[in-house]
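In the two assemblies presented below, chain A is common to both, partnered first by chain B and then by chain C.
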Partner chain A sequence: MNTRSLKPWLYLLPAILFLTAFMVYPLFDVFVYSVEEGYNFASQTYSGTGIYNYSYVLHDQYFLQAVKNTFILVIITVPLSTGIALLISLGLNSLPKLKDLYQTIFFLPYVTNTLAVGLVFMILFKKTPYSEGFVNLLIHFFGGESVDFIEGPYWAKMFVMCFYTVWIVLPFKILILTSALASVDQDLYKAAKVDGTSRLRIFYKITLPMISPMIFYLIITGFIGAFKAYSDVVAIFGVNLNAAGMNTIVGYVYDMLYGDSGGYPSFASAAALILFAIVLTITCINLLVSRKKVYYD
Partner chain B sequence: MSTKNTDFKNIERTAKNREKTWKIITYVLLTFWALIVLFPFYWMVLTSVKSYGAYNAEYIPQLYTLAPTLQNYVDAFTAVPLAKYFLNTIIFTVITTLIMLMVTVFAAFAFARLEFRGRNLLFTLFLALMMIPNELVIITNFVTITNLGLRNTFTGLILPSITSVFYIYLLKENFEQVPDELYKAAKVDGTSDLKYLFKVLIPICQPTIVTITILKVIECWNSYVWPRLITDSPTYFLVSN
Partner chain C sequence: MKIVLDHLTKRFPNRNKDGGFVTAVSDFTFEIPDGKLVGLLGPSGCGKSTMLNMICGLEVPSEGRIYFGEDDVTELPPENRGVGMVFQSYALYPHLTVMQNITFPLENLKGKDKLTKEQMKAKALEAARLVQIEQLMERKPSEMSGGQQQRVAIARALVKKPRVLLLDEPLSNLDARLRLQTREEIRRIQKETKITTVFVTHDQEEAMSISDLIVVMSAGVLQQIGKPQEVYDDPVNLFVAKFLGTPAINVFTGKIRNHRLFIGDEPVMHVQEDDREVYVGIRPEGFILDENGPFTCALNRVEVMGRDTSVVSTHPLCENVVVRSIISTEDKPDPDAQDVHFFLKPQKTLLFDRNTQERIYYHEVPEAL
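Take a look at the complex of A and B:
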């Protein structure tokens, strides 16, 4: 009997061990760091405990800029990417031919290195004294004014950032949604067809409720993912994000820890915990909403 | 009678036309996005075969090149030890993925098939961990690894990247879809849990396991933040550094 009750824990042991060491323990540790004031990394000493680190971070204009950038990014890209992914998956699902080809093409961005493609995006959007950049040529072609998207006005930079984020997160969402659409019971559609239901009505009354769990899964993970944006930003705007005014919260944490202005684990921890609080709140709200709106059978 | 007949034909025709319009719209939109997706890749390949001079001389970027060259690939491999970085990335990816698979399969099996006290509680805790952003724990992991003296080693690179609750969750759902009868039949035959796992569950759930492997390989190949933090000696740089 004893060996029997021990066995499951044996199976779980490696996972628990790694998770405790690299997820749970750090969580406590980050909290401890974040309340230690005047922590010195070299001598491992600190002068006292309190909430000074939080107030410093919250008053740091770079952090506020990062929060603003992150929120704009999240609010624009999450609904947009989920919506486009839904449209594309619906389109894909209705295709009689070439479905596999399109599916493969749409999946491509997932397989590539974010940094490499980010650099390509930067070159495409960049305007230097030597070259107009491809996107500006397109704008000229349609009769617009050229804009420097990388070092120019704020909205232009934000546009590149959002466009790139949508471009990079779509494949995963399309993958999940197409498989969700494929698993909807075809009898429901046949019944609706017999009744002469309109396309829009079929979508609202059958398709949407049936795939709503997956949509909410995508929205929740989308929020979490967008809040964690960092390497994409680096790829487009370079390492010095503060100067570009395009830093994200994670970028701020990273800079505080390791960048040129780095060496402040306390501030980094405080910022990271603030981010965690934001993500947790939004995830909880999402879960509450989903409980009301999502259809489970 | 005859008017009714034509009516039917008319209705049929409009319905078919509408169907056709829908199809054309779908194809146009999908092709449009496919072009947006493909263009950066085309650009990457194109630029990689343009000579440096030609690339810089273009005030208006050209969408084709008349004199393709492979010199850039040669340069990439000679200017930095790119071959070495590739090798590092491959080693890192293979080892991480293998260990991750083992850990994930065992944990998913325990959650899906074995009965024990506190199973649900533990699983909820696992799910809660999914919400913690990686960047939050990266600070402490950095300190832990540094204190263990594992900076600039493969062990240091690999250890924190192993577990992923997301994959455990995915695989557990998949294991649970396998009918209970198979497990009971195996028990009647006196098959051990381990043998059942390897002979029955893993072959049945192969598609999911392959998916997880592919996703993890991609994730490893593209990981940037952690490798950049933990390695500062070029001997252990990955391609993305």
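Take a look at the complex of A and C:
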């Protein structure tokens, strides 16, 4: 091999080394763990190889609950947060005077610590012997029955979870969408106006296609982010998620490794690979759907 | 459709937010005759695009009225005025094909004007044929050259058969060769459709070459309207004289003393005018090379370009960097000479008041100096 073809590889060497050590090897290791049956953490031995770990995880009530929770979270929050972000961005774009102020306000959650926000949400929603929580006070005010959002019925907890997730991801989406809207050539709008195009038609025929790559980007990253939800759930419902019935797939993986019932890297690896398969499938579907709908320059 | 602009003024709030205004167009009154191609000409920032936007309906005038024929359209939105507009950037919808771009305005029609898909296609093809892009209907804008995009934009503006066609700097994004070709194209399309057309440009050559009428404006104020050649021959003030013509007019500071026009200490012409301070504007073709000529410049170089010989010289009182004169090739100036001497052609020598810069119409006294 001559020096000319060697040189690029030399430049890439640091990146390749790091990626191999911290990405490729662990991924491979996870796969290996997931097929080792009866793995013993203390003695680092296993009894055989096979798909038992997958079978166990797929039959585990807690895992199925985690999958259900995660899917509900994804299906509700991704479209909802993207839609709300789009509405807010459109609003921001059409009021130039207060745009800067509102943009700052909307961006605040992004720079606030997840756990701090979680605490605030607990204060808002939690029912204690001393206080009903702010939201319950509101419900009372409008003549409703108080609900325990943190330890109460499943739908109430799921509502808090979705509300929290939408709120926490909004700022980033608003930021992306306002800049996407601002970068649309203003002459296109003028041209449409000269032709008497209705506002609705301008939105569907010009604005939406022009910012479609950014919307698509937000949907893909939104799906992936929501599937990986964990720290937010802990912030609101504490570490014992299985007991609360609010575990997520990543939470399940963590519990299998380090939780009270932990010490099962094989089960954790199997669950992680199942999550990987789910995310990969959804992303591929997204890509296929977007090919027709998204306009790239 | 003739267009009448009646005391049109447009003020914008200035950036300091102190309630002050910037006047982009000031008290503009003129009439564009039916079926003419009119060039709105002026330097950058003179308000010509604002003017066009007001005719289009994208901007509402602060004062004054706009009439299309007998109709007062001042308050009407663009779509009810019957205008077609071609933007400087073309403003083609990048995600739509040529066909979809051209049919876009038609799809907005509602009620009794609503068209079927076939009617729209037929109309789009008709417009496309006019600008000769009917073989590109399935392309996206990014797959076309600048000139082709320009044609699509014109087709889109024409598809609704507007009463008035407006073009904002239609040639500025094209390279030199395409520019020549496209301006002939605009002329042809205008002749074929007979639509009253207004186009904005800062390039005087472009305006002079294809317009029936040119409207020269500066700092929001109308300077002069006329046929291109008339405006060139007979500018009303120094601004118009300087703005039209390539090479530019040569401007000297001069004075009139005892019915004689002086540039420096040299009397160059006899005029029936009282003593005053003037600017003397001499078109490049206004010089006659003659050893006995009264006007002397220091020779720089002689440029022979095809049918013209251009004498480049300097004069201390000239406002331009060099004095450029175009003489016929029969005259052979000595390129090594120190000085060149000229007679001046009176109809190409224009006088302007030193203070107001307004034109002074003088009578030349054709007698020996």
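Following the convention adopted for this analysis, the second predicted complex is superposed on the first by the 284 of 297 C-alpha atoms of A that agree within 3 Å, B and C clash if a C-alpha of one lies under 4 Å from a C-alpha of the other, contacts with A are read in each partner's own complex, and residues count from 1 in each chain.
Going forward, a residue touches a chain if its C-beta (ideal position, glycine included) is under 8 Å from a C-beta of that chain, and two chains touch if they have at least 3 such contacts.
Remember, it's a predicted structure, so these values are computed and weren't measured experimentally.
Peer 1: Is A:Val250 touching anything from chain B or chain C once the two structures are fitted on A? First, second, both or neither.
Peer 2: So A:Val250 only meets chain B here.
Peer 1: Pick one for A:Val279: touches chain B only (first), chain C only (second), both, or neither.
Peer 2: A:Val279 contacts chain B only, not chain C.
Peer 1: Of the two partners chain B and chain C, indicate the one touching more residues belonging to chain A.
Peer 2: B
Peer 1: When the two structures are overlaid on chain A, which partner does A:Ile206 contact: first (chain B), second (chain C), both, or neither?
Peer 2: second
Peer 1: Once the shared chain is lined up, is A:Lys193 touching chain B (first), chain C (second), both, or neither of them?
Peer 2: second
Peer 1: Which holds for A:Val30: it touches chain B only (first), chain C only (second), both, or neither?
Peer 2: So A:Val30 only meets chain B here.
Peer 1: From the superposed pair, tell me which chain A residues show up as contacts to chain B and also as contacts to chain C.
Peer 2: No residue of chain A touches both chain B and chain C.
Peer 1: Touching residues of chain C toward chain A in the complex: what are they?
Peer 2: So the residues of chain C in touch with chain A come to 56-58, 77-80, 83-85, 87-91, 93-95, 104-105, 107-108, 142, 156, 160.
Peer 1: Which bits of chain A are touching chain B when the two form their complex?
Peer 2: Its residues touching chain B are 5, 7-9, 11-12, 14-15, 18-19, 21-27, 29-30, 33, 84, 87-88, 91-92, 94-96, 102, 105-106, 108-117, 120-121, 123-124, 130-134, 137, 167, 224, 227-228, 230-231, 234, 250, 253-254, 257-258, 265, 268-269, 272-273, 275-276, 279-280, 283.
Peer 1: In their complex, what parts of chain A are in touch with chain C?
Peer 2: Touch list, chain A to chain C: 185, 187-188, 190-198, 201, 205-206, 209-210, 295, 297.
Peer 1: Could you pull out which chain B residues touch chain A in their complex?
Peer 2: That would be residues 22-23, 26-27, 29-30, 33-34, 36-38, 40-41, 43-44, 47, 56, 58-61, 102-104, 106-107, 109-111, 114-117, 119, 122, 126, 129, 131-144, 159-160, 162-163, 165, 168, 193, 218, 221-222, 224-225, 229, 239-240 of chain B.
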